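Each of the next two complexes has chain A plus one other chain: chain B in the first, chain C in the second.
Presenting the complex of A and B:
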């Protein structure tokens, strides 16, 4: 960044770049290795696993899609995640608005109680949540995952959205009321648009949570027609047994969309992660 | 008018309160209650045994202490090594060397794709026949170091630790954001005063981002306390219980139809989580947290 003034500084920069290069290598090598392997034949994977493919073949991808309904799992994940994100963000926007702008008895107490959800490790609750979902008759349904994922992202969305609505100027709300807008109209057509930055952050984080969640998917579903993409990955070893090419292809199909979407929207994702770490 | 508004307030709070009650409050109560019962499903059994589960867990279960030790060790390694790695990268990147934005994006990729995908990638990386790790050792003539990494008693724990240890993208992103949000004139003033790059990092920047590092340490502890999928997919907790942690042990007890005992482990997870958080807040001087 600055001109090199001394040998010491130059060495420091050398190590800085070396460190950066190592971090990049660590992050991408495993993924690139998987992608390259997906184009090799089984024989090649076993004989020289580190080399470039001798000829690029898409057979693995054809076989992977024949052997496992990956698009079905992808679709399941998409449905569950979109619905849980929408439910989470709508419910928490409503609550965030009321907590930020309205006065009512017991407000602080209720907020402290809801904040407790931040400090409960959800893996501790596996057994009761399993029992609850089963008793509600929701075992092995997409609805179970939609509700659980909406709940898992509740603490972080609550913090983000309350502080977002708190930052919307009071005058806008008052002006809407003076213009004769009711509670609902004020919320949906004045407050929500003003809070879109926070809504975007909360949506991104809720989406990531649902898209990647594994534990509850494993616990609460069993059949193939509700299986989500992360869960389906754990079946690959047995599903593809000795067809390594197909397994590598299947893993590639599963991760590439996330990588592309993230690379395109990385600024927004970064901003959301930062917003999520700043606690109310 | 005011009465009408109160109706809307209640209606707006209702969905969140329902979610909270069904998925946090009631399960939290149930964890504590279930832990006092011998609770099994199919055939249903719900028999009060007081602190029987706790006595068994702490006094008569030979698996529990190793499992607790694994969990605590992983939390410790993650809070120290992993956060140090991510913070070190942030301290390099905030000086905006060429390509810093690229590094920030690429280093985050393993954290954006799902844990189960990373786990599957490492299942293959560690494969004894064709995995990249053994192939690499063979290529450089160190065949005697080749292992069945995930299933060898002596290597399973470190091998599995490496599947998450190096991917500190969240820490880097958060600490870097904090570094970049500090006033550049502060840094400039220190430089004018003759401070070296390292002195600026240590004496000016570090205190400014210390609290954010504390936040990432809490996140690291929470992450490790809840770690499940990567272990479940790679080793399943084995060999023996060499790589079992508390969530995995809880799950295996549920699978063997011992829901009361599973909830006892759940209570231990809650207590460990609470204590870890308190200790970290104490160390980083984060007393004014949202935790009441």
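Presenting the complex of A and C:
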């Protein structure tokens, strides 16, 4: 009987590890494919995408750095995305708290209106946002992208943060008030720490939205001092010419630092995501 | 309380700083022309545009200055300009390219009539022949000026042709016989595509329509036709379906230009329809094998047909400051001058839009295949613009989306033609 259990457990482990290996392969394969492709010629990439490079040439990296200001765009992306994420999370956590804990007339209507913006297609937003930004004199500034990106993630952040704050016990809030804390102190010192899980989730989504956004970055900027990373990848393909080697080299240059940063800080990121999830 | 104050001041300072970042490079009397362009990065015209901008800025130093805005990617450029048109805020100079931007901008009343400026300069005015008028003029007024021509035939692999024992065809019957001979020799005859407007495929299709008779030629010469169910179009699309089934590669259905081009560079196919801008790639060893350029021949289409039409040119847009409009006109004149077209020809093998521009010996030496093609094109008896070039806005996307259904046999040629007709009728453009 014991032998039987042990064999069953080994089979379960085998399938568990097999499943994990498959997950790792699915996650890692595209990254390895891009890195390998950055060393191949255009012909090798198009003829046999899965082959090994016939020679390890760094020409793609040289061309990528010559053709597009990747590092400048990377830095711009970092500044814009961090600021827009911070602005989004700060403003929307306040809104989420009020929607979750306070009663006022028209609350549900206002929340519905703010949530509705999630279903407006980006194409419908292009012209109004372009006109607004140019009229404000913010065309070709990082501030324009920060504001737009913070707003683009508004509905999803609001939903996450409202439900997070709704889950925080009212007694904690009341205890803070009894101890003499004001509205702001209660929000920043008591409610925000309890909502760390939701804040982390909203931050990750807002960051990804800003980091990958292309259309508004193209529309609202014109100079290299402001433009963001996704635009740099368009330098390598046009209607009748293509340089996939340089494009994959550019992607590698752009992605590797993010992977390194995530690997170094993965424990902290995971901890912040699970923190607070068991509170209340 | 103190912390709050410090925080407020810091936030206010940060916002003020960020608002003040709006770039301003205007010198005292110099007029700055912001010029967004997709001719950057891997675009083959990028070195020419960079050189012309430098030259213009040198010649007009202290008076005008072009500041280039990189908009990498042709479609990205068109998308951005379209939004700017709907917002009524265009840059001083726009390039129509193949995206029908001139008509869109004219529809929004944003384009400056440059007829007087052109007529004031006899050399510039001499360039406006009937081909230019069709592309750059509306109602007898000049609104744009072209610098490059779309002169297109097809390239063939001489080695593969030799293996199959064939020569470039002069009639469509010969062309189909050539395809059959290539197939029998184990060689895939032609590179085709369906994605991104199905560029290579639509060139083959348009050539068949234009040489089918008067009705087909009239169709190909008309701008924004609405009836795609006429017999010459149905017949040609029937042939295209046969090509997908019998004479092209497996990846043609779903493939884009780069897949078709790679099949030609790799010797997987014997022919590809495309323009002279492709010539430089034949000797690019990252795309084609060493010595491939020597194997390539060029021909005009059967029936003495060649695509020959100026590409919709640069146009000046209405600005609050008349001096900026003057500067923009000076820029358009400079970029479309005979000298500029000659430079583009010699640097990158770009075919001049003006017939008055001479094909120099230097250009012939640098681009012998181009010189050969231009000689052959001079003898062509029929020429039009491209099939998709005449489509109403939006139809090219639909054509590209629906074409895979024709290639796979899910649609009959008549069904595809009806879909195109319906869309073109619903979105008809009245000139």
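Basically, the second predicted complex is superposed on the first by the 178 of 280 C-alpha atoms of A that agree within 3 Å, B and C clash if a C-alpha of one lies under 4 Å from a C-alpha of the other, contacts with A are read in each partner's own complex, and residues count from 1 in each chain.
Note that a contact is a pair of C-beta atoms (placed from the backbone, for glycine too) under 8 Å apart; a residue touches a chain by one contact, two chains touch by 3 or more.
This structure is a prediction, so every number in the text was calculated from the model and none was measured.
**Student:** Applying the touch criterion given at the start, work out whether A:239 contacts chain B, chain C, both or neither, answering first, second, both or neither.
**Tutor:** Only chain C; A:239 stays clear of chain B.
**Student:** One more residue to check, A:78. First (chain B), second (chain C), both or neither?
**Tutor:** After superposing on A, A:78 lies clear of both chain B and chain C.
**Student:** As a test of reading the superposition: which chain, chain B or chain C, is in touch with more residues of chain A?
**Tutor:** After superposing on chain A, more of chain A is contacted by B.
**Student:** Between chain B and chain C, whom does A:130 touch in the aligned arrangement: first, second, both, or neither?
**Tutor:** Touch status of A:130: both partners.
**Student:** Touch test for A:46: chain B only (first), chain C only (second), both, or neither?
**Tutor:** The answer is both, since A:46 touches chain B and chain C.
**Student:** A:222 in the overlay: touching chain B, chain C, both, or neither? Say first, second, both or neither.
**Tutor:** A:222 contacts chain C only, not chain B.
**Student:** Which of the two partners, first being chain B and second being chain C, lies in contact with A:143: first, second, both, or neither?
**Tutor:** Touch status of A:143: second partner only.
**Student:** Touching A:200 in the superposition: chain B (first), chain C (second), both, neither?
**Tutor:** neither
**Student:** One more residue to check, A:231. First (chain B), second (chain C), both or neither?
**Tutor:** both
**Student:** Contact-wise, after the overlay, does A:67 reach chain B, chain C, both or neither (first, second, both, neither)?
**Tutor:** Only chain C is touched by A:67; chain B is not.
**Student:** What is the shared patch of chain A, the residues that chain B and chain C both contact?
**Tutor:** The answer is residues 46, 126-127, 130-131, 215, 218-219, 231, 234, 236-237, 244 of chain A.
**Student:** Under the stated contact criterion, what part of chain A meets chain B in this complex?
**Tutor:** Touching chain B: residues 1, 9, 12-13, 16-17, 19-20, 23-24, 26-31, 33-34, 37, 45-46, 48-50, 87, 90-92, 94-95, 97-98, 102, 104, 110, 112-132, 147-148, 150-152, 154, 158-159, 183-184, 187, 208, 211-212, 214-215, 218-219, 229-231, 233-234, 236-237, 244, 247-248, 251, 254-255, 258-259, 262-263, 266, 269-270, 273-274, 277, 279-280 of chain A.
**Student:** In their shared complex, at which residues does chain C touch chain A?
**Tutor:** The touching residues are 15, 18-19, 21-23, 34, 36, 38, 40-44, 69-76, 79-80, 83-84, 86-87, 89, 196, 199, 257-259, 262, 265-266, 274-275, 277-278, 281, 285-289.
**Student:** What residues on chain B touch chain A, complex-wise?
**Tutor:** 4-6, 8-9, 12-13, 15-17, 19-20, 22-24, 26-28, 30-31, 34, 41, 88-89, 92-93, 95-97, 99-100, 102-110, 112-125, 129-132, 135-136, 139, 166-167, 169-170, 173-174, 177, 197-198, 212, 215-216, 219, 222, 225-226, 228-229, 232-233, 246-247, 250-251, 254, 259, 262-263, 266-267, 269-270, 273-274, 277, 289-292
**Student:** Within their complex, state which residues of chain A touch chain C.
**Tutor:** 41-43, 46-47, 59, 67-68, 126-127, 130-131, 134, 137-143, 146, 215, 218-219, 222-225, 231-232, 234-246
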